[in-house]
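Some notes on the structure that comes next.
Chains here go by letter, A, B and C, matching the order in which they are written, and residues are numbered from 1 within each.
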Amino acid sequence: MRQLVRTARLVVIGGGISYRALFNWTTPSMFIGTLLVGPVLQLLFFVYLGRQLHVADDRFYVLGNAVLASSTACVYGGTMAVANERRYGTLGAVLLSPRRRAPLWFGRALPYVLNGLLVSGFTLAVAALVLGLPVPADSVPQIAAVLVAAAAACSAFGLALGALGLRFRDVFLVSNVAASVLLLLTGANVPRATLPPWMQAVGEALPLTHAAAAARRAAAGQGLDTGLLGAELAVGAGYLVLAVLLLSLFERGSRRRATLDVL
Amino acid sequence: MSRPERGAPASRGTKPSASELRGTKPSAPATSLTKQRAVKRWPRLVAVGVRTHVTYMSRSPLEITFAVLVPLVYATLAVYLFRAAGDPDRLLTASVGAGLMGIWSSVLFGSGGAVQNQRWLGTLECLVVAPTRLPLVLLPITLATSVVGTYSMVATVAWGWLLFGVPLHFAHPVLFLLAVPGCVLALGAMGLLLAATFVLMRNANALANALDAPVWLLSGMLVPVTVLPAWTHPLSWALPTTWGARAVHAAASGGPVAAPLGLALGLGALYALLAVAVLGRVEARARAAATLALT
Amino acid sequence: MLAIEAHGLRRTYTSRTGWLRPRRTTTEAVRGVSFEVASGELFGLLGPNGAGKTTTIKMLNTLLLPTSGTARVFGHDVVRDPVAVRRRIGYVFGGDRGLYERLSALDNLRYFAELYEVEPCEQRRRIAELLELVGLDGRERERVEGYSRGMRQRLHIARGLLHRPDVLFLDEPSIGVDPVAARDLRRTVADLADAGTTVVLTTHYMAEADELCDRIAVIAGGEIRALGTPGALKARVQERDVLEVEARGVSETELDRVRALPGVRDAAVDDRGSVQLLTVQSDRGTELHARVLAALDGVRLGRVTTREPTLEDAYVAIVAEAERATAGSVGSAAASTEVPA
């Protein structure tokens, strides 16, 4: 029992503190500008692009981009949660800790799930208001569930990318590319049917893909598609396992290669 | 070895001594550099500055990703969307539009952060202590971010041609080669205003990450501004990017090029003048308050 | 003609902390500093961290406006006429930042030569001369990211000299530089001063200041506590003896006991790895040896030596005196006041 409480403390308190220490966008102006205003404006860009090209309706873009909105917080957040340790030169101190690694890193991803959820919810609410898109009341809890799954999966994805930060120098380069790949391949902005088969296949394995589809169905009043929700959660679980594996692999490797404090 | 100049004693050994190096000053030192001569220095100063900063940015993998890889993703996205819309003859517009978006992103992040970046490098003080005025120090940096942005134009057009077989049928190929640098120049000048504003109002910095999509939208880089609500049109007209993008698109797909290009350059010059005024305030305040940590 | 005239320079920093309930904190970094530096002089500014050395230099080189007071460089006012001042000064600071890492030394110098208004026809020759002076010739085409601390520091100096400044400000140039490189650096600085360049140098290294400077100002708590030639400063402690004791486990209690001994002027402990070095300054002729050892009863002791006072002892005495003086009145070296904004 005591063990459990201590682990919970590590997850919640450790995660909370590391969020404040390592996330670059916690100041009010940065948070509003980057995480709240940015996604809304990006959503509007794609809505107007869609209207001009008549490829898909507003609902397609609004829900796709609301789901995608969590990616900024989650992908960059997950990356910062690990990679910034190295930048601040504190990684060595963290790795000297005797605590188990899985809860330590898991705790770090947790705040980003909440953050991503907040961003998605805000984007969806503002877009629905501004564009006058009615969202049926009974589908709100369903959409909420989908957004939670999306933020969780995306944070796990971000953590896995952050793990690369233990091994590679320019990890933010990777997260930049990853964020734009999500834009293209998850079907948030391009109907996936129009993409070539290999891109569709890659999209299956990315977070947000299934969530975007599930959110659109829920918003259209077609109910919660548990299959899609499950697929999203499975993808997220996969990335979480991958993240923990990569972290332990690189931690061992970094001792051998002495890459820890090489900035 | 080189001869020490202006009356300094001839060299004795293989290594110049400090006294030789110092030489004697011209009687009235740099103050003799009259206003006229100072203006004559500008082209060379800007050229050397742009060359230096373009080289510097081109050697950073992160900058190159921003300038090339991310616009390629947008180009791919645009091409698939335009295809899905059954608009195959506008695929070149999609590639060129994605390239323009890339130029803007480069200017936004590079110029908006120009002062901040130099501060992190620790070079800001050396730049401020130089006798050259701050706007003339910063303009080459913002122009460089814009020049680096053209990598994205090259990349997206080449990508479209290689991967999607987008035909390179430019309506005015020569004008296109003129319009792009013109647009780059206008955006670099606009970058100077961004750089100035972002130091003056620190909270504006937070908007940097949010400002790419609205300018893509308002300037009609991928979507014509006509689909936007009417109240946004004055905003569009006030942006050099709108006219630059219009000139580049016209050169690629047909339409008048000279007028929008002229407007882009004129607006760019206006923005640069505004920036000079703002930077005057920035420098005075930075020295007074030290809050900008030009330290 | 005087190279530098500073009269009553003061500088306060205001910083805001907190977002919901912002508090304004005012810190007085420099509190009325006046001095003059003659043309061609090598002038040293010494002082502990946070004493106001860098702030003083930055007011003189136009990076910061004084809160009050005036300063002139070769007759040009630093507030009203910054560009004229900038044409005549060079600024070099320590540490390995401040260079374009991904560019070569040559590209760095070419760029700054342009910004520092070096005539285009002269640039190539000037850069070659400077590279030779600082010993970077042959490696000027390599990127700076591969340079050692010492090489970066030399490149900094070359950059500071591009436009043949009349006054060179060197802010802790030898920080983090290895002893051999530091010696070369001192020689370069001395050569420049011999050639007539006025140099203002801040440093932590007493030997460096002793060897180089014509005059030294010791700054502590934002004020000049002593000003004079190295010899004159040393004279302040000449009537003293210095006793050094290697020890382990000296605490404040023992230190206070030593300080209380009659004839003791000052005592300080310096941690040097596993051992401590206790330095006791006393009036000349006081036979302290036995009494100090008695006061240190119960402490493990090593070598005990007596020596002549150095510039470092003079510096320590001046700073300690200043600290005692401020501790009595204000509370800390740089006084801070907090008011709600």
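Observations on the model:
Rule of thumb we're sticking to: contacts are C-beta pairs under 8 Å (C-beta built on N, C-alpha and C of every residue); 3 or more make two chains touch, one makes a residue touch a chain.
Since the model is a prediction, treat every value here as computed from it, not as a measurement.
When chain centres are set by their Cα atoms, the one at the greatest distance from chain A is C.
In this view the innermost chain, defined by its CA centroid being closest to the centroid of all protein CA atoms, is B.
Chain A and chain B have CA centres that are 32 Å apart.
Centroids of chain A and chain C (each the mean of its C-alpha atoms) stand 49 Å apart. Between chain B and chain C the centroid-to-centroid distance comes to 40 Å (mean Cα coordinates, whole Å). Across the assembly, chain A contributes 27 as residues in contact with two or more other chains.
Contact residues on chain B toward chain C in their complex (touch as defined above): 1-5, 15-23, 25, 29-31, 33, 41, 44-45, 48-49, 52, 55-56, 59-60, 121-123, 125-133, 137, 287-291, 294-295. Across the interface of their complex, chain B is touched by residues 13-15, 58, 61-65, 82-84, 86-89, 91, 93, 95, 97-103, 107, 110-112, 114-117, 120, 122, 125, 128-130, 132-133, 159, 161, 163-164, 166, 188, 191-192, 194-197 of chain C. Touching chain B in their complex are the following residues of chain A: 27, 29-34, 37-38, 41-42, 44-45, 48-49, 51-55, 170, 172-173, 176-177, 180-181, 183-184, 189-191, 194-195.
Across the interface of their complex, chain A is touched by residues 61-62, 65-66, 69-70, 73-74, 76-77, 80-85, 87, 202-203, 205-211, 213-214, 216-217, 222-224, 227-228 of chain B.
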